[in-house]
Structures are given as C-alpha cells and as structure tokens.
C-alpha cells in the first residue's frame, strides 16, 4: 500500500517536472494547420486570410472543408493532421477552380488604383493615372481584385500547361 | 497515322506469377510421388480434395468481391496452397479435415486480407495450425509408411471412417518426445523399429525428394538460396550445439534436418514471397528465425513438430525485420 | 559477408538485366528529301530557342534559324535549303503529347548549303574557340539526353578520363553500331578532339561485347596508344553514364554527384562523330543516324535522317507500315516515349523509331518476390517504393530515395505481376515535385501577404502620428490665440 502511494507520488512529481520543462510556447497547432493551407488569402472560407481560418479550425469554430483552393487533397491533409474524418468540399464556400491568374485588359484600364489595395499579396503594379498590370508570377488567383474594378477590365486567365510545366501525373 | 500513347517501358519478360507457381508445383512432384509410393492413394485423395475445395472457395470469394474469376484462378496460387496443406497433414485424416483446413486457409488467411499479395501469414501454415488446434486427434494419427493403401481402402479410411489395424503409428518426432519425457536417452530411442536410417522408416526419403525439388527450384532461379540456407542453418547450428553439450537428451542435428517437415519448410513453405521478409539480409534473419524456432519448439515446446508455428511466428516478425534492415543506398 | 564479390571476375554495377537484342544492323541509307522540316523551339525543361528568321525568309542548309542565349541551349540550324513558311504550334516529340511553337521550313529540292569553315589543325586552336565552335554547330549529346556538349566540355574540375560511350545497351537500337562500322576513323578523330579539349589523360571507348564487327572496325582505325578500346558485358543499362563508369573503373558515383566531380566525362560515340564533323569539316549538326525497327514497318533500316524530318517520311523510306503497326515509340523499348502521330518530327535526341504491337498485360497484386530489388542499378527497393507511391505516402517515398530512381525500367520488365512500376514512380516524383512547388509558392504568398499587412499597419501608424501632430498643432494655435485674446 505504502509502496503504491510512493510510486504514484513519484510519477506525479515526474509529470509536473515534465510539464514545466517541456512546455511548448504558443500554439503550434495553428502553425501546422496554416502550413497546410494554400495561402491564397482569398477569404472564400469567410475568414480574412488563411491564418484566421487556421485559428478557427484549431478552436473548432470552423470545419476543415471550407477552403476551395485547398481542394480534396488539402482537406485530406488537414484531416490526417487533426485526426478527423475527411469530408467533401462544402460547396457553400465555393468550388475548386483550375489554376488561373488575373489579367488586366490594358485597353480598358483607367488607372483608378481601386484594384491595388484589395490584392493581399501586392501583385498589382500601378499608380494613379498610370497603366496597371498584374505580376502573374505572384498572383495567387484569389479574385479579390475583380469586383473593385469599375470598368470590369480584370479577367481570370487559366494557367496553360506547356511542355515546360507538364509533369507525369498529367499523363493520360 | 495516329497511335495510342502509354508510358515506357514497352517490353516485358516471361516472368509471371503463374509461371512461378507452376514451377513450384512441378518441384513438388518428386515428393508427391515418393509419398504415393509409400502410403498409397490416401495422399492423392487428400490432394484432390484440397484442390477442389480451394478452387471453389476462391471462386466464391472472387465472385463476392466482384473480381475476375478465371484469370485470378489461373495464377495457380490457390492450387499451391491446397497441395501444401494436403501433403502436410496426416494422409489418413478424414475428408472433412483437409476440407476445413483448406477453407480456412483460402477464405480467412488469404481472401479476407485481400487475396494474393496481401496476406501477412502463409495460408497453408495458417490452415495447418487451425487444424492442429481444432482437431487434435485426427491431426496426430499418422499413417504407417510401410502400409500402402489401395484406392478402395483409401476411400474407406477417408470417407467411411473405417479403421484398419496397424494403419496409424507414431512418427519419430512424436515417439522421441514422449520417450524423452519418460526419461529415456536418445540412443535407446533411436534403436526402435520405427526408425529408418536417420528418421522415419521410409518417410525420410520424402525429405530427400523435397530436397531434390528444392534444388530444381534453385537452379531454375525461382527461389534464391538465402531462405532455404538460413532455415537449414537455423535448425542445424543450434541442434549441433545442443548435441555437443549432451547427446543423450538432444537429438543430432542430422535427425532434425531429415525428420518432420524441415526440408519442405526450407524450400517450399518459408520461401513463399508474400509472407516472407523482402530484403536479402532480412531473408537470412527470417529463415534463421524459422529454423531456430523449429529446433526450440521441438526440443522444449509442447508439439512434436513445430514447422507451422515457427513459420507463423516468423511471418509476424517479417515486417519488423524489413524495417530494421532496410539497405542504405549510396547517396552520400 | 553477404556480398561474395570475390566470386565476380569483372567490375560491374549492381542489378541490371540481360535483354534479348533484337538488333538488325543494316547499312545506312539516305531517305528522300522531305517536303517539310519542323523544328520545335522547345529544347529542354526550361530552355527555349528564339527564332532569328521571319516567315517568308529563304534559308540555306546549315544556317542558324533560332538562337540560344545561354550555354545551356544550342542554336537550331536549317537542315536543308528552303523557305520559312510558318512559326506555329505543332505536336512535338514530348511525352506530354502537347503542341508547341515550331519553325516550319518548306524545302526547295536544291539542298544548298552555307559555306563551311573547317578547322583541321585543332591542336593549334584555343580550347574556348573549339568549344564555341561546337556550341555554334548545335551539338548536343546524341545518346538521348541532348545536353549541350559545349557546356559538358567545360567542367569545373580537372578530367582525367574521357569515356566514349559505345555501349548502346537498349534492345532494337543499332544506329551507333552501324556508325562505328562505317565511320570508325572519324569517330576516333572526334574522340581525340574531345580529349584535347578536356586535357584528359586517358580516353577509353567502351563497347558492348555483342558488337564484334564494330569492335574490330574501331581497333583497325586506332593507332597504337592513341586511346583504349574496352569491351563491356552486354547488360542493360550498361550505357547509363554512372553504370558505365562503374564497369570500366569500379568507381561508384553517388546519385547526387556528376561524373565530372570525380574526373570522368562520358560522351556518346555519335556525339564524337558530330564533333569531328563540326571541327574537321566545319559542318553543323544537321543530320543523325536513326534506327527504324520493329515488326510494324516493312523494312528495318538505319537511316541518315535530317533533323526535323517528320516520322512519316522516314517510315516511307522503309516501305511503309505493316498490319502490326500499333504503337510508335521514339527511342528504345525501355526508355522511349510513345508518340501520338507520325506527323511529329525527329529531333537531335531521336536515336530510334520503334514501331510494333501494343503489349499491355493485366497487372496483378505484388507478391513481394523481391526480383525488382535484385535488378535495380541504383540499389533501391522498388517494392517498397511501389507500396508507398500506390498509397500516396509521398514522405515515405522520399525517405526511400525515390529521387534516385533513373527510370531505366529494369524492375518493371522483371516484375512477375506486371505492375507498371516506372509509371507509378514517375507520377510519385511529379506529385512530390508539385507539392514542393506549391509549398514554396504558398510560403512566398504568405510572406508577401505578411509584408502587405505590415505595410498597411505602418500607413495606419503614420496616419495616427500625423493626426496627433496636427491635433497638437491646433491645440497650440488655440492656446496662443486664447493667450492673445487675454492680453
């Protein structure tokens, strides 16, 4: 009896020491979830940016299938990380579209700079009364610039597969 | 002119699962013929019953799983499992013994796990252990190898449960274990009339037949030398050490090699690629483990012959062996 | 303890397969001049050439029609005289089956060539000049990889051994063999030129022991001590650079390193011939020997084909298709690519066109026999890689060194269950690469987003600071006004 008490006491002490010594700063779960999100910052999940959505998932306020750019593969990755069951993408939040980048039709652009602030990654180059253009390599395809444009001169152009970018999982 | 496109390579070898299984079956023919020569039609009937049961069981499973039946049966793997069970069990066991064993082996040990390639356990050995545990009496009545059963006699024994005098006798492993427990020494035991040159009277030639079949498989490059060599060494080395320590209570290493199913296990059972280890070093350890377990269980365990248990235990260890002995490639 | 290497007499590489040769070494014939020549501007993974001619221009044979601005790309030469009729998208010889920009040349039957600038006394020339000439002659590795030769001949380490790769280990292909039989002295010359450029101490021509006629042709063309001619066992893939180096010297070059880092350079025997033509005769690379073979064409032939010739013209030179023509493969049966149409033109890397029947056996479950690991030249475990790529466990694939797979096809061919291993590994490699690309672009987007947020915050802060300052200034003014009122 005494031995059991001593044993439990010792184990309790060990747990206490471990809790103090190996304490993890911050919440690594949010970072891990954020790392699995596509960083498009499009807001289709109803959160402003990917990090707030990651925090919401970590706090169980949001489900894992609200991110269209993440697609099926992304949902499965989140499900594996969190030990939850993978679900199909919730179509209320949008559909997963083919990769596309924004393109400003230069003949129609009036240089109003209304599309520049909404871009979450500053991928649009331009100034007042100057021609605006999208830096395609930085565009994440979030489509946040399309509605602010008063002359509807921004279109989404699907990314074409060229021999340069083709890879074997696209082989028929 | 337009052409279909597929990925390279565009060539194939003659190697196929069917060819491998057929070669193993072919290599079993010397053993089957030798058994037939000594015990008669009973062994052929067991084999026929087992094959028919296996094919029916596998077809049923494939039908339920909506897989192609004829092309899967054509890979001969069910036939091979059936033949191995049939020659492993006593040849005078009633017909329902081999049918039950084969059903268990095909349905539970193979199909439930996903069919060929997915079974962790050797189906034939799983079936044998199932029979040993469920029907201990029929599984320990072995046919005396000096009695040749005619066709009609075999039917009577297997199907009508007719008892024939002196038909069954103890195997040398049975006898040795019992007598050692009673305190007799090896030299006295081996003076008994059931012994031939080293092992069972007549039955020891079956081991020789297995060896011939195994060498055929090796020369045909169907099996590699690693597993058979390791199994035989796994039996021989510990047995030699024990025999050197006390020849009165430990049988000689040659005895262990010749009796029971040691040679059959080394060349035909342990070499089943699906349930064995995959890497070269892993295979040597896997084989040695089987041999060592055969020696241990025979000497100190509760069963006279230990091949089935040894193989199943090694099957469980195979994935661990593989993950620890992964060869490193030269990328530094 | 488990290697038993003392039992083997020759140095060799691990794994490998002995394959049936199927080689018909026919004499080289010249096909008729095609009506149209097609030159894709896509050179390799990230390299394009830029056209320097316009539609409507007339060009001469040997004239540069597209330039390259780095040493990693070579210029494209017109391979006959004629008019440029278009620069448009045509299907190209690429496993994707996609179409890409090509220069289309309509031939004018005259086959007029530019005057040449031979350089016979090459030992009096600067090595950089020779490399430049090789680059401008458009010479790339003709063994199949098409890497620019001039760049390869400019290694950062000193080279002690040049190996001329005359192995040609893939079945069906015999273009290198017939080239050796018919032009051995020129090949020797080319090898010596390359040896001079590299300043290599040794030069070895490695030829498979199944080519006795080519071996004796090379021997008779060599003067004593010029270079060595060594026979190597006919095992696939002996012709792989690293495998060949291991067979010749016993040195096993790790997968992440280049042979030049160990002092070795390999060049294909046809590349050596092209170097001879470029330096001694001043001819740019406009043609190469291509083997047309398989039971899908009426006559198996080795052809001296112009680069840019559509496949259908080469097939016509072999009397056309037989009823067994079901698939068209550019390259050998182990590493070739299937082409969707015979309108596609041959490129510098095309060493063979194999036309035969489709052989697509049904694959069964893996029986874990381990044959695949026995034959892998990179000493990998294809069985494990297959289990992991099948179940999309990309991390485990990388862990088991999937990146070291050279896609030689040995495991695929030997598999008794006929599992398409090479395709599974290619898809797995592509998925891993895509994942890495996506992570990298996601990380970059996140960084830009963070910067964007910080910039907005900074603007907010500055606004607040300005507001405070203005407020303070107004207060000051108010206070001063109040003071003035009082006094």
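The letters A, B and C name the chains in turn, as written, and every chain counts its residues from 1.
The rule is simple: contacts are C-beta pairs under 8 Å (C-beta built on N, C-alpha and C of every residue); 3 or more make two chains touch, one makes a residue touch a chain.
Note that the structure is predicted; figures quoted are calculated from it, not measured.
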Centroid comparison with chain A (C-alpha atoms), farthest chain: B
Most extensive contact between chains (C-beta pair count): B-C
Closest chain to the centre of mass proxy, which here is the mean CA position: C
Whole-Å separation of chain centres (CA-atom averages), chain B against chain C: 51
Distance between the centres, which are taken as Cα means, of chain B and chain A, whole angstrom: 57
Approximate Å spacing (C-alpha centroids) for the pair chain A, chain C: 37
Interface hub residues of chain A, defined as touching at least two other chains: 168, 171-172
Contacts with two or more other chains, residues of chain C listed in rising order: 95, 97, 423, 426
Chain B, residues touching no fewer than two other chains: 5, 7
Complex contact set, residues of chain B against chain C: 1-13, 15-17, 19-20, 71-72, 75, 114-118, 224, 273-274, 276, 278-281, 283-284, 326-327, 329-332
Residue numbers on chain C that touch chain B, as the complex places them: 2, 17, 19, 95, 97, 171, 252, 254-256, 312, 321, 325-329, 331, 333-342, 354, 356, 358-362, 364-371, 373, 378-381, 383-384, 400-401, 404, 407, 409, 412-418, 420, 422-423, 426
Residue numbers on chain A that touch chain C, as the complex places them: 34-35, 37-41, 49-50, 119-123, 138, 140, 161-164, 166-172
Residues of chain C defined as touching chain A within the complex: 42, 45-46, 48, 92, 94-98, 100, 423, 426-427, 429-431, 433-434, 438-439, 441-446, 448-449, 451-452, 455
